[in-house]
Each structure stands twice: as structure tokens, then as C-alpha cells.
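Lettered A, B, C and D in written order, each chain numbered from 1.
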Amino acid sequence: MSRIEANPHPFPHDGLSRSTTALVVVDMQRDFLEPEGYFGALGYDPQGCRAALPGAAALLGAARAAGLFVVHTRQGYRPDLMDLPAHKAWRTAHNGAPIGAPGPLGRLLVRDEPGWQIVPELAPIEGEAVIDKSGNGAFYDTDLDTVLRVRGIRHLIVCGITTDCCVHCTIREANDRGYHCLLVSDACGSGDSKAHEAAVYLMTVEGGVLGATATVSDVRAALSAPGLAA
Amino acid sequence: MSRIEANPHPFPHDGLSRSTTALVVVDMQRDFLEPEGYFGALGYDPQGCRAALPGAAALLGAARAAGLFVVHTRQGYRPDLMDLPAHKAWRTAHNGAPIGAPGPLGRLLVRDEPGWQIVPELAPIEGEAVIDKSGNGAFYDTDLDTVLRVRGIRHLIVCGITTDCCVHCTIREANDRGYHCLLVSDACGSGDSKAHEAAVYLMTVEGGVLGATATVSDVRAALSAPGLAA
Amino acid sequence: MSRIEANPHPFPHDGLSRSTTALVVVDMQRDFLEPEGYFGALGYDPQGCRAALPGAAALLGAARAAGLFVVHTRQGYRPDLMDLPAHKAWRTAHNGAPIGAPGPLGRLLVRDEPGWQIVPELAPIEGEAVIDKSGNGAFYDTDLDTVLRVRGIRHLIVCGITTDCCVHCTIREANDRGYHCLLVSDACGSGDSKAHEAAVYLMTVEGGVLGATATVSDVRAALSAPGLAA
Amino acid sequence: MSRIEANPHPFPHDGLSRSTTALVVVDMQRDFLEPEGYFGALGYDPQGCRAALPGAAALLGAARAAGLFVVHTRQGYRPDLMDLPAHKAWRTAHNGAPIGAPGPLGRLLVRDEPGWQIVPELAPIEGEAVIDKSGNGAFYDTDLDTVLRVRGIRHLIVCGITTDCCVHCTIREANDRGYHCLLVSDACGSGDSKAHEAAVYLMTVEGGVLGATATVSDVRAALSAPGLAA
């Protein structure tokens, strides 16, 4: 039985196999990764998020090579903002970067705008799922659970941005739904480096109550080892 | 319009009122707070969680005095463990404290056992909701959203344990569902003090993307101020 | 591959097996089956619902003998009615049988009252799940999906009352969640016989878009045939 | 207080108002309404569904004139069918019209194909919501509940096709979520006229346990009466 040597426990509990494991790449969109996007409007230096790019690209390559199912998530609101709760509208206005306001990459956090696109180096290919969500958690109001269930997926390797917000929200929802989760620390990033560190640390406490964490190198080694189960 | 001076933004966005705000007290159960319970079996010193007790008691008193609706959550599995996902069974066994194993306070994390009880100093009273959950998030597989919606609640003041796990999971689910959330830092606790600090910090980043944080004293001041809206 | 000869298609599509099939017995409670209960207060003759009793008992016996997993659902509101939506409170008051009003079997449709109990001839036994719900659909606000998923159940044989309301609501929710469903017509009943007939008929249209329907005799034959898959 | 005189009780319980009521138009797509679509491939005469067209158009016009919020639902699977549960794939193949198979209006029941389009006479206009769903119920795996909640909608007037399947599934989900529902009988239709009649009848039993039913004329009268509440 092959497993990834993760912290604080090996992943997945019942052995790695191609058919039961998916890679989930969270919100690698221009709005978060380019200086002209939403995070830039909020005053964040994009480098904290961009730090996830090389790791996420390597992980995506390894997952594709190993034949894992791949899911990309993408955050964005309807153009008329009818799915935007009042408190989120207020908060982003209060912070000076209101959802829906115009910017160099189009309207902030709105579907179909340039800023909403996944960055080209991680662009989804045929056979991969793209999950459009307006919430932080990728299970909320989406068909992610259905897509995974139809395929018999039970284990998720998760990377993307931000470690502290959408990556963690998605892992927490998945964990309660019965998916064993692995956060890949050097394929995640955040506009706030201390928040990234905090979110990685939270994967290690209480015996891994939310799952476990490993590095890109750990995951690649396991995915490319001979004898990966079907 | 009255608001609590919270970090990084005031709470709630549209003004504090008795009828739209609930206090949520998360998992203040003997299994987590007493040395003979589940956390003790896992090797945690109970002091990290017990640190939440005085603050939570003060907050509960203030919420009752102000006439807020109060929700208590309670984690526990069915006695036959038919709601226990495989990876959680494996993890807790791997950690030496399997869910369902016998202990001084009864079977670990099982409903109706002594360890599952809410500690006496925070015992629910008539008119308060008790939400039984097996997941970490209090919305998963429960009627919490229905109970809040029936009553017109839109804002949640959240305390309890652990800050990093069930408190954060519940806040993250609530936030996506349209509830503005406030984590009361000194009425929360964790078996791991660094995890507590990390989880409080995560409330403050990205302009308060998950909500905001304040202290018991901040909340009490606002709840007891003259002119709290109905 | 063994299948039940159902209308309009055989059930389940991929073959009957003990480990992937559950029997769901819906709401066989005194409030609906005894003349002093909620349905009686609403003016219904209990015979329409009681017509389901012999079939449901035979089906339950056959499922137990075959080793199927059994789920019982039970409808009832919290004693303080905090989970009762406004329109349901209004409707039942308008109809002269308000949820929560006192009756010979205790408060109407309230948990822990005598009327809320499952009738003795169908009482759950150890190892069977009881799902408490306030909605008509047994998946809404409950852990039913989790319980079925943990066990690998994918096919549901459904009986109980009322055919038109809670049986149909549960089948419709299950069908979207990926469960193939079979309504057992002579183990279902309703206070309104025309509604029962209508609800059975709806299982047969559009090629079985909601599942299929069969009789107790059909199901018993398949469950007791030699060679039922594990 | 204005209400629609419906059967078996007036709608909505607490009075009709523009801001709390939405019109939901279910699945008025070419695949169901044109002879070359999915229903035609299944062998249904489209007239049963087309019977809903004049009523739905009149209702949509009245709702727009009155300023109600309008929701259109649209059924269709992802082009790679990764959201299609196994039993639905099997059933539609068994019935000779497999989801995803080519047809004169494009691949059956697949998003972005010509058959998936809403018919021109009911085309959504700016400010109206379009809910894409793969399930029969419009709440399953969609943001419909969020969209309605953000806007404060509590009452739904529902029309479309088919009365027995997607209209009923949507009403049943809505009803449990606290929305008072009205099925507009002559603005609904089905490939099977007996199923249509059955589904309308089911709205009238048990005191309107799923809501109530009225005609287009009843609804138009109420919507155009002077003094409709804001």
C-alpha cells in the first residue's frame, strides 16, 4: 500500500490510488495572482500568492502524468451580483475594493471578466473539472460533491490560494463530507505570509483533524513511484 | 446604529440588534474540557480549552441579559458510529484515541455519554437551541441554518472550542451562507495555544474575509449599552 | 446479475446486492397511523395510511432476513418549534390541526411525544438507522446522506407514508443525489387514496425519471432468491 | 392584505408583496418543447409540454409588469457528463435516448447545445436569474437558495415543465426550505397528461402540505390589482 509521508499522518489512510484521488487546484485566477487584480486593489503584494505558482504547476504536471482526476475551482460572482450576500458587499466596499467595481482586469471578482480567468500556466485541459463558486468553500452551492461522487473519489490533494481562506474552507467542507485531504504547503500561497504559515500549521494539530500536509516533492515522489494502484 | 468595535472591521456591518443576532457557543463539552475526556486521551492538556470557560460564561450571561438568541453546538457520533467516515475512524485510532473507545467519561465522542455533555457552567436553558452534529462545521447535516432562518438571524457572535477546528469551520460555513460572523477571541480556546493564536489571526486578514474578531469586553460593552436595537 | 422486475425498468440498474441496497421506511409513526394522531386531527381516516402496514411489515422482515441495511425516518419538530417555518405553522393552524397543539397522543408532530413514536410492529432494532427530520424530504437537514455514503449504499427500496408527500420527497432528493430508488406500492399509503394512486403512477412516467415501482411480492422474491450478491 | 385565491388555501399565507415573491419558470427549453429534442427522442408528443407555453408566457408578462423577481431554471449536464450519476446514464440509455447522444438539436440534455436553450418566447431578460442545474430539483447543487435569500424572497409562484418531475421536485425542496409555493396549473405541462393531472392534484391534499395551486387568471388578477404591496 502506497502512501504519501505527510504531517501529522500518512495520506491517504487506506493507500494511494489513481482512481480514488483527485487534485484540487483552488482559485488560481488572475484577480488574485496579477498586480492589477482584486488583491492588488485591496493593497496586497501579489508575491505571496504567486509563490504558489511553481509548486502548483509542478503538482498539476505530476497529477496529469499519473492520471489523477483534476479539479480547478474559480471564484466569481454573477455579473448582476444577485448571489452576493449583503455583508460581503459591505466588507469589500469598506476595504476600498468593492466586488463588481471596475479595474484593469475588468470588474472585480465577477464571472467572465479577464481577472476571473485561471492563469495560463495552470489552464484546465479536457477532462478536468472547473467548479465555479461564489463562496469561499468549493462545495457550497456547487456540484463538486456530485462530480467527485460520480467518479468514486474519496481523497483530495489540495493546492492553490489562498491557503488561509479558500483552500482551508474547501478542505474543511471536504473533510466533513468524508474526503481525506492533503494540503500541499509549497503549492499554496496567500497575500499575507503569516496567514499562510498559520493555515499550514493548522493542518498539523489535533492529530490531523482536518487532514495532513506535505510538500510538492513528497507528492511527486509518491505519484511517480512504480506500482501506483489503479 | 450600534456596532461592536472589532478587528479588522466593525460588527455587524448594518448595526447590532437583538432580533438579528445570535450567540453560538461551540462544543463546550466535557470530552474536550475535562482531563478524562477525548482530548485528554489524545494527550492534550485541558488548560488550553479551559481558558475559554470564563470568557464564554461571561459572554453567555451578557447575551442572555440582552435577550439574544443562543445556540449551543455539541459534537458526537451515533452510538453505532454509522455516521463516522472511514478516514476519521482511522485517524483517531492512529492517534490512540479512537472515536467510540471506552474512557472514564464513557465512549469517546459518542452521543449520550457523560463526556458528550455540555459543562454545567454553560448548560443550555429553555429557549436556547442545542445543535447536535457529527461534523466539525455546525451547519453540516444539521438544522442550524433552518433554525436561524426561521428566526431571521443574520449575524453570529461565536465562541467556544476549538478556535482552530470547530469554531473556524462553523464561521466559514456561516460566512458563505450570508451570516456576518464575529469570533470572540478570549471566549475561545484550543488544546494547542499556537493553533488558537493562528486561528484568531486568520480572522483579521484580507479585510476580514471570514468576519471579524473582538474580545468579551468589547461585546459586553455593546450588548449592555443603552439603546440596543430590538 | 439479479434485479427486481419493476415498472418501468428493472431495479437496480446494476444488480441487486446486499451491501449496496438499503430499505427506507418512511414516517410509520402513531401520529399518522392512529386515529387519535395528527392525521386524525386533520380529519383523515387512518385506513389509507394503515393500508401500508402489512406490506411494510413484510418488507421489513424480508430486508432483515436478507441482511439489508434498514433506515427508519421519523418526522417531528423540536418541542419549542424553533425549526418550524412560518408557512407551515400558518398552514396547519389554518387547517385546524396546528403543529404543537395538544392531542390525545401528545403535542401534534412534536418530537418525543407519544404520537411521534414509530408503531410497535415496525419498531427499529439494533443496527438500524433512525433519521429524525422536520422536513418532508429525509435528506433535508439530516445526516441520511452521510450514513448511506459511509456504508457504500447506492440503491434505496422505499416504503411508508405518505406515498405522495414524504415518500416522494425522499425519493426525489435521493434520485438527484445518485441513488437509484424503488417505491414499493403496496407498502406505501396515504390519507387520500387518489393521492396514493397518483404518486405511484408518477414513478412510471418518463421512463422512470424518479426510479421505478414494484410490489412487496416482487421485492421479497428477489431478496429471498438464492445467490443474492453480497 | 392581498392574497391569491388558491386551492386548498390562499397564497401566500402572509400576503402578496412584490419584494418577497418570485416567479420561477422551470426548464422551458427546446429539448422538452420541440419535437426534435430530448422528449421527442424519448417518444413523447411535445403537445403536453407545449400546453404550458401560453400560460407561462402570460404569467411571465404579468410578473414582469408587477415587478416580481423572475427565476428561470435550465436543465443540462456538463459536456463531459462528469456530473451524470450512473443510474441516470443507464436509465436514459435503457430508454433509447441516452443523455449526451447526438440529436437534431445537439447532444441530448447537454449544456450549451441548441436543445438546452430556453425557448425564445420565454427568453430571460436582464435582471432575471438563470439557474443551471443537472438535477431535477432546482435547489440541488445550485445557488438558487442563495439568490433568493440575498433578495429576501420567501414566496414562490412556480410554472413550467414537467409538472410531475422538475416542477414538483423544485416545489418540494423549496417548501422544506421555508418558501411558501404556488403551482400555476395551466402554466405547467408534461409529456404525459395523466401525470400532469396527478401532479396538480397532489398540491391539494393534506391541507396543502406542499403549497397550493391556482390558475394563470387567478395570479394575474392578484398581480394587477391596485395596491399590491411593495
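To be clear about the criterion, a residue touches a chain if its C-beta (ideal position, glycine included) is under 8 Å from a C-beta of that chain, and two chains touch if they have at least 3 such contacts.
Because the structure is a prediction, the values reported are computed rather than measured.
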Item to check | Winner on C-beta contact pairs when A-C is weighed against B-C | outcome: B-C
Checklist outcome for this item: Most remote chain w.r.t. Chain D, using mean C-alpha positions, is B
Item to check | chain C and chain D, separation of their C-alpha mean positions in angstrom | outcome: 26
Checklist entry - What whole-number Å value describes the gap between the mean CA coordinates of chain A and chain C? => result 39
Checklist entry - chain B to chain C: how many Å between their CA centres? => result 34
Item to check | Per-residue multi-chain contacts in chain C, two or more chains | outcome: 85-86, 141, 146, 150, 177-178
Checklist entry - Hey, which residues of chain B end up touching chain A in the complex? => result 9, 12-14, 42, 44, 85-87, 90-92, 94-95, 97, 135-137, 140-141, 154, 162, 164-165, 168-169, 172-173, 175-180, 190-192, 194-195, 197-199, 201-202, 205-210
Item to check | Of chain B, residues touching chain C in the complex | outcome: 78, 80, 82-86, 126-127, 129, 134, 141-143, 145-147, 150-151
Checklist entry - Can you name the residues of chain A that touch chain C in the complex? => result 146, 149-150, 177-178
